[in-house]
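Note that chain A is present in both complexes that follow, paired respectively with chain B and with chain C.
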Partner chain A sequence: MMYSYTGKILHVDLSTRKSWVQEVDADFLKKYIGGVGLATRLAYDNVPPGADPLGPENALCFACSVFAGTTMPVGTKHGVAFKSPLTGTIGDCLSGSHFSEMFRRAGWDGIVITGKASDWTVLFIDDDDVQFLDGNRYVGMGTTETQEAVRGHFGDENVRVSSIGPAGENLVRFALIDNDGRQVGRCGPGAVMGSKKLKAIAVRGSQPITVADPEELFKETLKLIETSQGPGTAKYRTLGTPSNVLNMNAMGVLPTRNFRETVFEGAETISGEYIEQHHKIKSVGCSGCSIACEQWAEVREGKYKGSRIGLDYEPLFAVGSNCGIDSMPAVIHMVQIEDELGMDAMSCGVVVSFAMECYEQGILTKEDFGGLEPNFGNDDAAVKLIEMIAHREGIGDVLAEGVRRAAEQIGKGSEHFAMHIKGLELPGYDVRSLQTFAMGMAVGTRGGCHNRALSYELDVKGVVDRFSLDPSRGKMHMEKENFACILDCLVLCKFLRNCFDDFYPDVARIFTLTTGIPMTAEELEEVPVRVHNLKKAFNIRQGWTKEDDWLPPRVLKDPIPSGPSKGAVINPDDLRVTIEAYYEARGWTSEGLIPKSLLIELGLDDIAEDIGVEEAVADIAGSE
Partner chain B sequence: MANIGYEHVICDPDKCIGCRLCEYACSLTKTGAFDPSMSRIRVVRIEPVTMTAITCRLCEDAPCIIACPRDALTRSQEDGHILVDEDRCDGCGWCIEACDFGAIVLDPKTKDAAICDLCQDQENGPRCVEVCPKDALELTTPEKLRQKTRRAVVARLFEELLEQ
Partner chain C sequence: MKLTVEFMGLARRLAQTKSSLVHVSDQATFRDVLGKLAEQFPDLVGPVIVPATHDLESAYMLNAGGRRAVQNLDEPAEEDQHLYLMFLEAGG
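Moving on, here comes the complex of A and B:
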């Protein structure tokens, strides 16, 4: 008997308007658990090699958290995996809140959407009933506007909606999917949804979620809810992630003016502390969250009066310091319009800062920008650019492709400062001053992302010298990557990570109390290793090569000009040997390929047949 | 009874983060499964920042009791919560219409009205209060609430006076 899980995956083909149910058993679910793990498995099985990310053959694969809708704090989440239109590799994302709960209560462990609708469509999943509704009436609407309108159509607050905004409709490559004001944010899932002419997915679930041992589970989760009000989450509960601004600035890590500098003279007025004093309305939680990290802020006067949004550090750095903008009202406004237009605020901010540097260097002119003069710090121009990108107007059409493709088109040396890894724009930490993290992102399966490994902790907390690299970092990074991965499979929010006594035994027990499926700490510890290899296998099958595991030119050539990290730059030779040490720690070949024997050991026999390599004679790295 | 008014669960909207853990815990306690639609307490969230939780307020002159045409609803002599006589209730829903707070739910399985009973069978009192991570929920009486409000306002006024 299996609890919480239903063993059912819903497959929907938008081209034929048909759906069918795939049954999976406890052994299968135990291997991938849910969230990113299960979504990645579904993506591997449903996205053919060489698929066009914006073609009908790409699959948008949703997988629920096993804890969604229960009192397990911060577990009401879901994962989404697809082939990313930015990177061409796995796009594995997370979101959470009410949509995730309804997803679980509708009785599905996963939902796989393929094909392309002939016209704009809203997919309505009402328990096990699947309907294809006209989506034309919502075209042009923003993300949360669409959700309210779709819910209004049904007149039932139990209908929860994931939707795209105009950016997704216009296939902006970093468009996102929003649900309940939370985002499946990075790697362009909104463009994939837009390419399928799918404006929204509405879900209503009426089924109770049964668990194996309700009383014990309640006791265990109550303990965690209490711990989650303690020191392990203090940062997130008080100022939220915007507290990073002043910390990163003091360390010389805050990306400033398109990653040229790492100290921003205007950091004070875009800090978490400043929000608290001048703009804060309230801290808000996702469904099932006991922490409430989201700091809602509003603009009370001036030209952006009335703008309001829940702020996090990443969007804040991207449109703030990285665009040289020190006005919190402008930041609040820009993040709000990015969310509503349906674009990843991180990628979009880095794209705007890239455009600003092109302008300041004279690579693009006022005419190219249709009369705008986007110097660093010009918030009016930045706001306009964001809108032009979402609607693909003028230069916005080029920028909507992301910095990698935009730099390829623009040329004239702009590639030097196109700040991306594998096509995904970088997050808010200058990697020259956090080098373990830099190596980790170079090898990361989704490119320039801070969230698929927690190795910046090693650099920031001084466990290692953050200004250099050596082969010992390979294994250290792998361990941080595995820990992030298991959280993404369960799914548990990373902000709960410091609240466990002994993570693997504790969570294995909670998993069994929930599902009734026996799980040991050792078995649980194997899951992220399996899932990470699966992500890598997905990438290999889609054409990944070793050259893709590399960093943008600026961080390898331009030393940081000033501040506490002055002079820091990444040595390419050190980077190369550390990457190879990482491959070795993973048990991969020196080319970064996965031996058949490893895949078989991890229970991925079918994948071993697809992409596994015989262990080459030349590969004498001398692994243990 | 020392205090006027019955104890009931209230929510401080300034503290409520909209997490709905109270709904999850209530439905688990009352039905054995996580099923917010069966929860006796519901969070109302008018996006993005307006939110609070609502459950039975044990009204002094309870309109639900008056509305019930079959006299299925009575008041507990012990703590004042609304008792539903399952033999008399046939799920007509008039009590739901009468309730100004939308605090009564119709159980689709039993076809009976279901109302907060303050978890009298639970050792630690109402589960929703126990699970609330931000102490937004509180079991209180109108009199206790009055006292608390008075103390808070006086403390604040004197603090302001001292600052001047």
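Moving on, here comes the complex of A and C:
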């Protein structure tokens, strides 16, 4: 008997307004666990090769954390996977909130949504009853506004809602899905939802969540809560991730003015320390979280008075230093409108900074911007640009495509400073001064993402020389990547990653106490290897080539001009050699393809037939 | 010799100052610098600096000049060095 899991995947076709149930067994669930792992498997099975990411054939696949709604802290989360409209590769995201718990209480391990509704729709999943409701009344509403309105329609606080904002409706390629103020943020899931004319997903569940051994699991829960209140998470609990602003600035890593520089003269006034002194309301946690890292901040005076939002480091860098903006009230306002309009604040900030550099270099003019003068530091212009992007007005229509496509359209050398990997805008770390991480993001299956790479830890903590690359980094990065992946499959928050004595044995035991399914440490350790290969297989089947594993021109050609990281630049030859060492560590061919034998060893026999290569053939191909 | 220690994040909150000039002997190590900080800022002892050994709690690190993470606290410190005392777990 399984606990926590239900063994049921709900499939919904918006085109035909039909739904059906796929039953899965313990062996299947044990291989992928849940979250990103299970969602990616569902995406592989339901997104055909060559699918248009914004077409009805793309599948939006939700998968619950195995710990959602249990006593386990920081585990009430869900994963979402789909073909990304930004990258054309796997988009795998995480979020955590009451939506995750209600999803589990409704009795589903996963939900797969395909097709396209004929008109705007709200999908209502009420335990095992699926309804297709008119969504037109919510069109134009912001993300949280929609959630409140949908809940108001039902008159029931137990109806939890995931929704898109105007940006998703307008197919902005970096639009997000919001649930309870938390976001399925990166890679454009909101655009996929918008392409299906799906404004919101409402879930209500009435079923109990059972675990195999409640007493023992509760003991583990208490232990973990105690550890998660210790010094290893103190930063998150008091200042949150915004405290990274000054750290990154001190080390010459803070992206500034579209990654031109790495030290921002205005860092103090956009720092976590400044938020605490001038703007903090309180720390807020996700559902079931014992850490509470999100710093809610508000503007108390001036032109942005009344704006309030939860802040993390990544949005701060994106609309702050990277746009040359040192006003915390402006930052709070911009992140608030990005969230409400329904756009990934990281991608959106990098897009705005790209537009600012286009303007400063004379590539785009005041006329192109409809009379705006978006110099770095001009917060009024930045706010207006964010709104224009969400509504695809004027130049906003071009920028809504993301920096890769925008640069291709604008041309005139702007490709040099379009800061993305595989089309996904970069996170808040200048990779010229974190070179293991640079290689890790280059090979990342979803593009420019810090949360899947994790190897910045090796660089910033001085485990390796962060200003150079060598082949040893390939294996080191792979190990970090696997660790990030297992957390994303379980799902457990990454901020808990240092809170276990012996991670794999401890978590394997917790998994068994929760589900009743026997799991050894060795079996658990295989899961991220399997899931990472699955993500890569998804990409290969959708057209990935080795050339996609590369970095933007700026970090390969422009040395950092000043500060502690002055002179740092990535040597392309070293990068190439290190990428090949990473492929070798993964057991892939020198072309980055996966041998059939490896896929079969990982229990992915069907995928071996789809995309696996015979090793001998691959070696020949690689030597040509 | 003298060095400057700049406090970041939680350490700044506990020290209640942005930075401090620290005077130590010419042969002092980074551990000696932390010992001096423990005297000057008792609130750092426990949450940041381990009382008996003057090690750093595992989440904390010293960075010299923004360029180099200090790996060994028993290395000699240098005159006029600018050190950052930070809690560094990237993410979020």
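Points to keep in mind about this one:
Simple rule for what comes next: the second predicted complex is superposed on the first by the 617 of 624 C-alpha atoms of A that agree within 3 Å, B and C clash if a C-alpha of one lies under 4 Å from a C-alpha of the other, contacts with A are read in each partner's own complex, and residues count from 1 in each chain.
Everything below uses one rule, namely that a contact is a pair of C-beta atoms (placed from the backbone, for glycine too) under 8 Å apart; a residue touches a chain by one contact, two chains touch by 3 or more.
Remember, predicted model here, so these are calculated numbers, not experimental data.
Legend: residue contacts after superposition of the two complexes on their common chain; A:C289 is shown touching chain B, with no touch to chain C.
In the superposed pair of complexes, A:S15 makes contact with neither chain B nor chain C.
By the touch criterion defined above, A:A250 reaches chain C but does not reach chain B.
Applying the stated touch rule to the two superposed structures, the chain B and chain C interfaces on chain A have no residue in common. By the touch rule above, chain B contacts chain A in their complex via residues 14, 17-21, 24-25, 27-28, 31-38, 47-49, 51, 127, 130-131, 133-134. Residue ranges on chain A touching chain B, taken from their complex, read 69-71, 73, 101, 105, 144, 148, 158, 180-181, 206-211, 214, 218, 222, 225, 228-229, 281-292, 296, 308, 310. Residues of chain C touching chain A in their complex: 6, 8-10, 12-13, 47, 57-59, 61, 63, 65-71, 84, 86-92. Remark: chain A residues 231-232, 234-236, 238-241, 243-244, 246-247, 250-252, 272-273, 276, 293, 312-314, 429, 450-451, 456-457, 460-462, 494-495, 498, 563-565 touch chain C in the complex.
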